[in-house]
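Let me give you the structure first, and then I'll get to my questions.
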């Protein structure tokens, strides 16, 4: 139950995000509440310090919250580990949730969505939130249980290698999706096949040097001119 | 981009570093230069665990880094050197030359500091140290590689004005 | 009227989910587009539009303090233009897409304003000492982000739509632009393919394998 309440509250952890203390307000909000529910008395000066600068990935914050409480209860200094974990979890969280899980959820949603768009977005939401809520839910209890050694759990599951594995799966299914959307969305002929291959190659080449929106704008302008010349 | 990148970032290894610098330039070698981290085995493990596969991390104190720097100059691949504070960067001042890209990523807000950018807050002493480095090479505020960097130029004027 | 109320509420929910709370991905462009398509009855077309902005957003990771481009707004505005059956041909499609992309920049800037408001509120609350109320700041953060979506998204859409109608009057229409939408998605997939990590040889071989499977099986 405690994990469920923490999960719910941690959904609002970054609502007060600003460049002064980043998510310090959110961490203070979560910590004060979690300490109260666990019957942990935090010294007012120490608690006051918690609203200062703090920044980590929103889906992994509960690990730090649990770790902090355990270390504080044990009488050690949780601040050093809070700082180290906030950086490391920022890196791990951004790499997995933002870099890899979103494309991973996307490719499956895109394939199913081509058949039924509603089913597609359901797949997207379920795939992403399965990981999102699992980490938020287990984070607090694991942080409490393992304290400063919570990183051991991440090493045990090889979490830093997940992004690459997920990306490779995404790459395969991106291929599946593009072949499928091409078959269903365009009238297939040799010309059209080469146009599609050309567009993909152009995307790959532009991606090395250009921002995606700039690349898209150039593509739109070029395509507009070419198709206008062709009288399309 | 120059092959050796000195970055001051008080969060050391975090999202911007991995998703930004490491993946953008395909950097396989990262060095964390911090007396605080070098002496703590658990913190070393925490940072080690945050790296993507294929990356190597060396964690050392500032003195160890200075002593072994000549070895680094011979390496042809990209090397990202992360330092926790402007003070640590100033201690390495004698190593800095035009082959090194010096940037400040994030120095978080603390009391009595001047907001140089929305992520970089420096006190008077740190500003003076940056000015001294700025006399030798350009120093940039640069969050992630694909965003424009801001060259630090006007600190001397600011200092004369007493901030 | 019900459609309008749903739409306004949804625009606020998008920005909350995106920047202040939940993060359930209901704000992802693909989801936004399909929901708008469901509200207005043009799901398939909006889905294709959503794919474009989804890929734009996927390669833009919101790391650290960086504010990522507001791809949700892109999907929101583009799906609305599509839902109003305003796009009738390829030249219209190009115009609408360009206008929406241009307007994502000022909309993204509005997140900066929200963060500045949050900062002011935080500094003001700090002066209260022991009576510092984090829950209040969290609630206000949610409220301001809701307001941001409600006001900025819809205002920007109205401007886009007005400009679009004005320019579109000079453009030819009535051709099938779906294949071109597909080509645009394929073009953007090149960016996504490069963005995904992994050994280059393995990655491109896997991609080719996926294309063959997709072609042969589906």
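Lettered A, B and C in written order, each chain numbered from 1.
In this text, a contact is a pair of C-beta atoms (placed from the backbone, for glycine too) under 8 Å apart; a residue touches a chain by one contact, two chains touch by 3 or more.
Note that the structure is a prediction, hence the values are computed from the model and not measured.
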| field | Central chain (by mean CA position) | value | A
| task | Select, from all pairs of chains, the pair with the highest number of C-beta pairs in contact. | result | A-C
| said: By mean C-alpha position, what chain is farthest away from chain C? | reply: B
| note | Separation of the C-alpha centres, chain B versus chain C, in whole Å, is 34
| task | Between chain A and chain C, tell me the centre distance in angstrom, where each centre is the average of that chain's C-alpha atoms. | result | 16
| remark: When centres are defined as mean Cα positions, the distance from chain A to chain B in whole Å is 26
| request: For chain A, jot down the residues that touch at least 2 other chains. | output: 19-22, 55, 90, 94, 98-99, 163-164
| Interface hub residues of chain C, defined as touching at least two other chains | 61, 63-65, 197
| said: Going by the contact rule already set, what residues in chain B reach two or more other chains? | reply: 11, 14-15, 19, 23, 52, 118-119
| query | Tell me, which parts of chain C touch chain B in their complex? | reply | 61, 63-66, 197
| query | Where on chain A does chain C make contact in their complex? | reply | 11-12, 14-22, 25-26, 28-29, 32, 44, 48, 51, 55, 58-59, 90, 94, 98-100, 102-103, 105-106, 109-111, 113-114, 117-118, 120-121, 124-125, 128-129, 132, 163-164, 167-168, 170-183, 185-187, 192, 195-196, 199-208, 212-213, 215-217, 219-220, 223-224, 227-228, 232
| request: State the interface residues of chain A toward chain B in the complex, per the touch definition above. | output: 19-22, 53, 55, 57, 80-81, 84-95, 98-99, 148-149, 151, 154-155, 159-161, 163-164, 211
| task | Would you tell me which residues of chain B are touching chain A in their complex? | result | 11-15, 17-19, 23, 37, 40, 42-43, 45-47, 49-53, 108-110, 118-119, 146
| said: So in the complex, the part of chain C that touches chain A is made up of which residues? | reply: 19-26, 28, 30-31, 34-35, 37-38, 43-44, 46-48, 51, 54-65, 69, 90-91, 94, 97-98, 101, 104, 115-116, 118-119, 121-123, 126, 130, 132, 134-135, 137-142, 145, 175, 178-198, 202-203, 206-215, 218
